[in-house]
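Below, each structure is written out as structure tokens.
You will see chain A twice below: alongside chain B first, and alongside chain C after that.
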Partner chain A sequence: MYRYDSYDKTLVLERVEEFRDQVARRLTGALTEEQFRPLRLMNGLYLQLHAYMLRVAIPYGTLSSDQMRKLAHISRRYDKGYGHFTTRQNIQYNWPELEDVPDILAELAEVEMHAIQTSGNVIRNVTTDHFAGVARDEVADPRPYAELIRQWSTLHPEFSFLPRKFKIALTGAEQDRAAIRLHDIGLKLKRREDGDIGFEVIAGGGMGRTPMIGPVIRAHLEPEHLLSYLEAILRVYNQHGRRDNKYKARIKILVHELGTDEFTRQVEAEWARIKDGPLTLPEAEFRRIQAMFAPPPYEATDGSDSRFEKSLAGDTAFAAWVDRNVHAHRAPGHAIVTISLKPHGGIPGDASAQQMEIVADLAERFSFGEIRVSHEQNLILPHVKKSDLYAIWWSLLSFGLGTANAGLLTDIIACPGLDYCSLANARSIPLAQKIASRFDDGERLRNIGDLKIKISGCINACGHHHVGHIGILGVEKKGEELYQLMLGGSGAEDASLARITGRGFSEDGIIDAIETVVDTYLNAREEGEDFLHTYRRLGAEPFKRAIYSGETSK
Partner chain B sequence: MTLLNLTGIASGIWVEAPDGSPIPEAAQVIISFKRLMAEGKALLQTSLHLGLQLEPHNALEEVAQYIDALSLIVIEFPVFTDGRGYSQARRLREEFGYKGELRAAGDILPDQARFMERCGFDSLVLAAGVDAETVRAALQHYSFVYQPAADGLVTIPEQRHGTPDRLKVS
Partner chain C sequence: MNAKILSAHDLRSGLVVYLTSEGGWSRKLVRAAPATDERTEARLLDLSEQAIGGNRVIEPAFIDVDWRETGPVPARLRERIRADGVPTIMPEIPGVAAE
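After this line comes the complex of A and B, so read on.
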């Protein structure tokens, strides 16, 4: 993991002091809320429906056990004893008091964390594959580059007042777990035929009101030019992105309006000018950062593990959990564990202080003190020995963390919705809870297989409904909360946007409709075919017929 | 309104010449982008010191041919959230090699001064109600910078590994 040196430390501490001063000025009334707003928004502090919300950055979703314990402590001391892990691999506290926020930031700084650029029209916390560095299908580890981007973008003097927020995601793997085609910039490390590694650069993807799958604007970018290329993209966007309409201000609209070719031409022209300047990646600095992401000293094994095999054969509940929540690891005899934050009936992404501490302890004992946050709002133990899996599972079970549903229908992404968000049309969290209760049957869920449900409480799409295999969008009609059903989206390497099926539903109605969709799929699927592929093979028609006229296909 | 000088550049008194009105009898005159486009060639023949008032949408490519004749460029920030002026400033300095005074005017928050300084501004026109002391304090908040900009500061990545080549005198 990356560790701060004295420069990183100083900068974060200076940020804390700056914010302390700004809060003090607000509390004495020297700053009005209107004047304070842009300042707090530079630091992840929002005013929500009922209270302030503080969003803390978890750079590229990586946490140490100590950092996790600090997050738990903060939730206990300054909040209501829990935190909410977000789709951008961050954590949110929903109830801090304004006067406490500088102290919270000071405590975060003690463990090399901050809330810089977790809100505002700036380059936001960069996200990456939560399996980075351990995935088997990885060409190169994206984390050192993510850290370079973090540093370059922190307090960037030119790009702190962009037309709109700006999100960058990276991956180094074939399978896209970071939704790079739905970000303002997506970067994918690839090996070219001649063996050289470079970035495929995607720009202008995004969700929100106008979802777009980003086009590739450069097939191969030498890694040493990463920052100059990003700077060129940002400079074109900062000057020409629309500022007349908030809803048209994201880079996707600029790319769309200019056309990919013209946008790319402008970026390349700017890049040609700055390409070999001071942003060129210094070899020594890259190696310094890369060394901190070296693999931990895994115990050498031949990969076979009789104890693990025995538990697997002897305990079907454990086997079910392994089947869904344990993933192939690069090192023999090791595995990656997904800790589900989606217990049936719980709030997707929430973790109590105690749960955070348990995870921190487990990571310390079994995963070289490292934890990841996934954009699907689960936690990951990236370096687990297979022989430890059974013990880990037992511990997780006793703290409500052992749900065997990673990637299944109840592994739902839901935005905060009407319970917290002032923009919401409808509730998201209670709906997610009710769906999970309706499908609260492990065997049935496993039979249904991979199925991603994503729920947004309004058109802003924080719950990523556009890329749900089943997407749900909260709308308001004549003062009533309604839910629209969408099918066929994907945020992965085969990205596609979900399409609306037809008229909306009440809360109970939408759950019935989901059940109908699932039954239609089960009746129609071919051997080994998951929901998305059945949908793509058949198209929307049979599903629509089943939902709206009660016919089920054979 | 207060003029806050960041780099100690000598400013002197500038007189604005609104579009359509005759160029005043003064040594240093500020004109609009539009006027520069229309009358720039003629004005270059005079002994005037020319200043240019830029709006965020003005194309710098059009200004390029006058760069060496300008001694002041004022970049307007219509609202503090409009960040185009930062890119204009850096491009004027780094792409077009502008050496004269660069001034920011309009809606400026104290905490933005530091960013402006880094993008190559020499001076800020502070609106009534913006306290110059608060701005000066805000300029002092940070000891280090991560990224290169128009101010040429040594960046953190550079400091970590000794003096960078670009700053070595041969």
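After this line comes the complex of A and C, so read on.
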């Protein structure tokens, strides 16, 4: 993992003290709320529906055990004993008091964390594949590049007041687990036919009010030019992105209005001016950073493990968990564990202080002290020996973390919705809970197979409803919550936008509609076909017919 | 009866508060002062501006309520949830519930 150098440390500590002074001046009245609001937002402190909310950055979703323990400690000492992991791989605290926030930030700085650029029209926390560095289908580890982007984008003076917020995601794998085509910039490390590795660059994707799948603007970018190319994109956007209308200010609108060819031409022209300049990656510095992401010293093994195989054969519940929550690792004899933060009846993405500590302890004992946060709001132990899986599973079960539902229908992304968020129009969390309750049957869930439900409580799409296999958008109509059903989205390498089925539903109605959609799929699927492929083969009509006429097609 | 009440957030805790008829701020919706005419609205606004000047509250806003015998009921779900002081899915959070 990356460790702060003296520049990082100084920057973060100075920022803490600056904010401490600003808070003190706010509390005495020397700063008005109008003056203070942009300052608190620059430090990740929002005012939400019920209280302040502090959003803490988890760079590219990577955490050490010590950092996770600190997050647990903060939730217990300064908040209400829990935290919420978000689709941006961050954590949010929902109840901090203003006076405590400088102390919280000082405690975060002790473990090399902060809340800078978790709000505002700036480059936000860069996200990446939560299996980065350990996935079998990976060409190269994206994390050293993600760290370079973090350093380049942190307090970048030219990009401190963009037309709108800006989100970058990277992957180095064939399977897109980072939703790169739905980001302002998406980057994918690929190997060319001649063997050279470079970035495929995507720009102008996004969700929200106007969802768009980003086009590829460059098929191959040599990695040493990564930062100059990003700078060129940001410059074109900063100069020409619309500032007259908040809803048209994201880069996706600029790319769409200019057209991909013209946008790319402008980027390339700007890049030609700055290429080979100071932003070219110095090889020695890159190697220094890359070394911090070197694989841990895995125990050499031939990959077979009789103890693991015996547990697998003798315990069907364990086998069900392994089937869904354990993924192939590049090191023989090892595995990647997904810890579900989606217990049926729980709150998607929430973890109690105790749960955070348990995960930290397990990571320390079994995963070289490393944890990841996924954009699907789960936690990952990336370096686990197969022979330790059974013990880990038992520990997770004891603390409500052993749900065997990764990638299944109840592994739902849900935004905080109207339970917390001041922008929301409808609640998301109770809906996720009711869906989980309706489908609370492991065998039924496994039979349904891969199915991603994503719920947003407003059009801003923090719950990624546009790319749900089943997406749900909550709206307000005549003072009541109404839910629109969308089908056929995907945030993965086969990205597509979900399409609305028709009129909306009440809370109970939408759950019935989901069950109808699932039954229609089960009746119509071909051998080995998952929901998304059945939907793509059949189109929306049989699903709509079933939902709105009450008939399930055969 | 339709009425308006004035809601804000406490500067220090960020929690939801309501302006009372005595000019204080309460966590309890039932203690909110109703305004049914423009003159009362102006008086409440004046009191809230004093509180902002006195550095007690932030982000004041009028909300529509139906004033019943049992007290005010906000017209919008958003305000009904705010009035509870806690998310609907976690009514037991200690120290923040309005009642």
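The rule is simple: the second predicted complex is superposed on the first by the 554 of 554 C-alpha atoms of A that agree within 3 Å, B and C clash if a C-alpha of one lies under 4 Å from a C-alpha of the other, contacts with A are read in each partner's own complex, and residues count from 1 in each chain.
One rule holds in what follows: a contact is a pair of C-beta atoms (placed from the backbone, for glycine too) under 8 Å apart; a residue touches a chain by one contact, two chains touch by 3 or more.
Remember, predicted model here, so these are calculated numbers, not experimental data.
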Room on chain A for both chain B and chain C (clash or fit): fit
Partner chain(s) touched by A:49 [first = chain B, second = chain C, both, neither]: second
First (chain B), second (chain C), both or neither touched by A:419: second
Contacts of A:480 with chain B and chain C, given as first, second, both or neither: second
First, second, both or neither for A:347, with chain B first and chain C second: second
Partner chain(s) touched by A:98 [first = chain B, second = chain C, both, neither]: second
Superposed arrangement, angle subtended at the Cα centre of chain A by chain B and chain C, nearest 10 degrees: 80
Contacts of A:277 with chain B and chain C, given as first, second, both or neither: first
First, second, both or neither for A:27, with chain B first and chain C second: second
Comparing the two partners chain B and chain C, which touches a greater set of residues in chain A: B
Partner chain(s) touched by A:5 [first = chain B, second = chain C, both, neither]: first
Superposed arrangement (fit on chain A Cα atoms) - minimum chain B/chain C Cα distance in Å: 17
Intersection of chain A interface sets (partners chain B, chain C): none
Contacting residues of chain C [partner chain A, same complex]: 9, 11-16, 52, 55, 58-59, 75-78, 81-82, 85-90, 93-96
In the complex with chain B, residue positions of chain A that touch it: 5, 7-8, 10-11, 14, 17-18, 21-22, 35, 38-39, 42, 121, 151-163, 235, 238-239, 243, 273-274, 277-279, 282, 284-285, 288
Residues of chain B that touch chain A when the two form their complex: 80-84, 86-88, 90-91, 94-95, 109, 111-112, 114-116, 118-119, 137-138, 141-149, 155-161, 164, 166
Residues of chain A defined as touching chain C within the complex: 26-29, 33, 47-52, 80, 95-99, 347, 418-420, 424-425, 427, 429-430, 433, 476, 479-481
